[in-house]
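Look at the two complexes coming up: chain A is in both, with chain B in one and chain C in the other.
Up next, the complex of A and B:
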């Protein structure tokens, strides 16, 4: 980058520093104090978090919730992306619109719609009972399974779009070559298409994972107050209990945990890119 | 990058001009909007934000020419926002608090003393409602909400919630809502606890768990549980029952045999408010007999605090025939309960799990 080029990023860098880095430093400082006035330094908030199994069980539950919802997203999202990439230009725009559609409505609206679907007298239970599959309505609201289902749908576009981008950039000759050399459809998919789409898969996983574990609205509306994940925990400590230093500490811990997971995925991403080029 | 800009003879000056023109275009509607004054008033989600929007806002506009921007947040959230903005411009001019938040707000210097002398309707309030930090505009009462389609005999006691026939049908709210805290405090009192010892309440809640179908993370989610038929019986607020009923949801309100229990709700001028004059007028409007009579009508059924307003409607059916009956509604010792809120939320999260 030239000197004038680097000067061009200065405004953005300043904005980023003022609106993101600086508040984050304040948060970090607050987490290291015992009071809001920030008079006495302490690591007590962190000690409190890690000496209490209740706290880190919430952290583990949250990180696992992200893994489950991301996997469901991937399992359903990959075929959609694959279909989109293969479709004719006109169908592709229709499918793409359907994929993006959820982003166009507010997450609160989407989540409330899911309450209607998952409820005891909801659409899903009525279908299941009408078909005689179950006799008692299934409990889906206020369960982790319900949260995973809704998160997977709500965050689906974040998975589909990166995979679609990679798949549609892929040279179709590669698949043809594979077939000419005697590989069947499945073998071509496992040996050629899937490895080449890894960067897209990993990008999608990073996006959906971080969106899933921080989805305060969906987690608390579908999960209710019995299933406590980190965002609700932070909210309760900050607003309900008015314990800002502790809320700040668990926010920092949560952020570090997310960064660690994303960092691991990024290492995979880099490795898969070299694989793609080779 | 630089070369392409030069090639299109797009120099820095034209760029800045274009940028400032578009900024002005964006700001323009705001400028014309700002000509009439705007008051920012906090209000609660549900009954109160709707009643304010339908009754207060048009009357306020007619009286002052100013408009109101509603900031719809719970009392505890308002405290957090005011604390966060301390020393700066506060995020709203009028605070809308339940009794416990008033104590915290006075302690932290978040609200100004109410200029009662300049508020013509203040003297018409019941003596108990004339608080010097801000007038009480209503009272909220909790009892048992139930679905009359599913429960034919109205419940008569809190103990009914523990009845085995309501397995999986009882609802609760998290303790960050006033409803949640008030219910656990009342339950604790009935089961023989004191404000220093909540063991009896938590023991009772653990015994209730088999009956609990869902715990709403907030009051909006709780209302949805009723609408979707997820729960049939739960501690609920008199006004929320009326609001849901008006929307066609099958829900009724019963007062348990241990008597009604509640707390006052009040309005306050925020310390350092941008529009203190308008804030005073807005609060005074809430106190007028004419307005409180309108608020008393369904679907809001807001309990009045103006002594001139005669009780009528749903209130007289289940709650109180006269203002004297309302004075008998038992209240809580918030000065003792407030400091425990954090610990109670924490304990609820740990002990009342699936």
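Up next, the complex of A and C:
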């Protein structure tokens, strides 16, 4: 490509510099000051975050929430991808359409639907009580279990799509060879298909994990005001308490946590790609 | 014989387990959309499901929901501008990134994709501080710029995927026949990547129309957008008009998805 071709990147690069990099640098600078006037540098905001168990536990809760919701996505998403990879082209389109539908429907609308489903008089409680499984309505809204369920539904497509990509590129001869050599279906799955699909699983985990822990709308509408996760914490400090420097510090800490998780998973992803070739 | 039976049971059980898990997951995926659609046609004041009787009263009530209509109009305008800017800048950048091995451009690609993973709420807050420090007040133009940052990754992803399928021999042929760079792009490259660009444009539009975390900091009463209006309605008083508006959004999404599937092969592009 000629130099003139590379120059096509400049408009977007300029926009990102002015509207993404610069604001993030200002955010970082503000987090290192005690007030918005930004007179004297301090690490007080960070010290405050890490010495107060309340703040610290919100970070831990958020990171754990992501693990739980991502596991649910994986347990239910992998079978869908597996089924899709085996379906005829026509059924594959139908299945994919159904999988993509939720991610494209407005997140506010989806969360609203879940309030109708999870409420005390909601669909789930009606079914459970109708079947005699429980005698009084379960509390699902404003609980962590409710948040995990809804997050898993909302982010499931992000898990299914990368796994499907890997599964449909996989050489079917490998699984056939395993069967010819006498391994049953389950053994072939655990020893051949699953390890070979690790790059897709990890890519899916990166996408769903970061989406789960940053999902402000779902977390705050289903979790309510009592269950506080990092995005709501930032919002409350910035808008409710009007403490911009501290909110900036929380934002930086949260971003660093997301980057750290993504970096670790990316290392695993690179290692897993060599598995098939080894 | 016993051996044979165990092998068959093995094959059946794996299909059963995976089939059951998929079935549960699919019900789980689709149920909310179906339930919100049905609830929106209720004739009663409550959001009880299933509704006792059906009517269009909440849809007709939307005619008088001035504030909601204004918010919807803002969202449409913002999403349209965001899509146009994202497509133009994103396609240009993709052309540069696709054919380059330069580490600088690879790094730029990583930065352009990062809004997909980073907490959008933290970026929205950073944008508010920045606008404030520069002495401006938030307005629709700033919302559009903020949305472009979080929506352009969708255009980049699908366009780069389409460009990687493009046979470079076609471009060389056009150039050796004397076609200028612009003509080669207009007549060869663009028609071949158009469905990738189209799918990206669709995803960017939906992402902007649905964005809460960035708008939350950059919008005020004069520039209120639809998802935030609905979000506040849900938090304060669960009014059935919200269900009707949600029903409309679901139908609008379905129609756009079918169009995107027909013209850009959406489900193929998302893989």
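Observations, loosely collected:
Rule of thumb we're sticking to: the second predicted complex is superposed on the first by the 266 of 278 C-alpha atoms of A that agree within 3 Å, B and C clash if a C-alpha of one lies under 4 Å from a C-alpha of the other, contacts with A are read in each partner's own complex, and residues count from 1 in each chain.
We take it that a contact is a pair of C-beta atoms (placed from the backbone, for glycine too) under 8 Å apart; a residue touches a chain by one contact, two chains touch by 3 or more.
In this text the structure is predicted, and so the values were computed from the model without any measurement.
With the C-alpha superposition on chain A as described, chain C and chain B clash in the combined arrangement.
When the two structures are aligned on the shared chain, A:146 is found in touch with neither chain B nor chain C.
Looking at the shared chain after the overlay, A:66 reaches neither chain B nor chain C. Taking chain A as the reference chain, the count of touched residues is higher for C when chain B and chain C are set side by side.
Of the two partner chains placed by superposition, chain B and chain C are both touched by A:122.
When the two structures are aligned on the shared chain, A:243 is found in touch with chain B, with no touch to chain C. In the superposed pair of complexes, A:5 makes contact with chain B and with chain C alike. Of the two partner chains, both chain B and chain C are touched by A:221.
Within the superposed three-chain model, A:112 lies in touch with chain B and with chain C [touch as defined at top].
Common to the chain B-facing and chain C-facing surfaces of chain A are residues 4-5, 8, 112, 115-116, 121-122, 221, 235, 238.
The residues of chain B lying in touch with chain A in their complex are 1-2, 76-77, 79-80, 83, 104, 172-176, 213-218, 221, 224, 228-230, 341-343, 345-346, 349-350, 352-354. For chain A in complex with chain C, the residues that touch the partner chain are 1, 4-9, 11-13, 15-16, 19-24, 26-27, 30, 75-77, 79-80, 82-83, 92-93, 95-102, 104-117, 121-123, 126, 152-153, 156, 161, 164-165, 168, 184-186, 189, 206-207, 210, 213-214, 216-217, 221, 230-231, 234-235, 238, 244, 247-248, 251-252, 254-255, 258-259, 262. For chain C in complex with chain A, the touching residues are 6-7, 10-11, 13-14, 17-19, 21-22, 24-26, 28-33, 35-36, 39, 47-49, 88-90, 92-93, 95-97, 99-100, 102, 105, 108, 111-112, 115-123, 125-130, 133, 145-146, 148-149, 152, 181, 203, 206, 209-210, 212-213, 216-217, 227, 230-231, 234-235, 238, 242-243, 246, 249-250, 253-254, 257, 261, 266-267, 270-271. For chain A in complex with chain B, the residues that touch the partner chain are 2, 4-5, 8, 36, 54, 112, 115-116, 119-122, 141-142, 220-221, 223-228, 232-233, 235-243.
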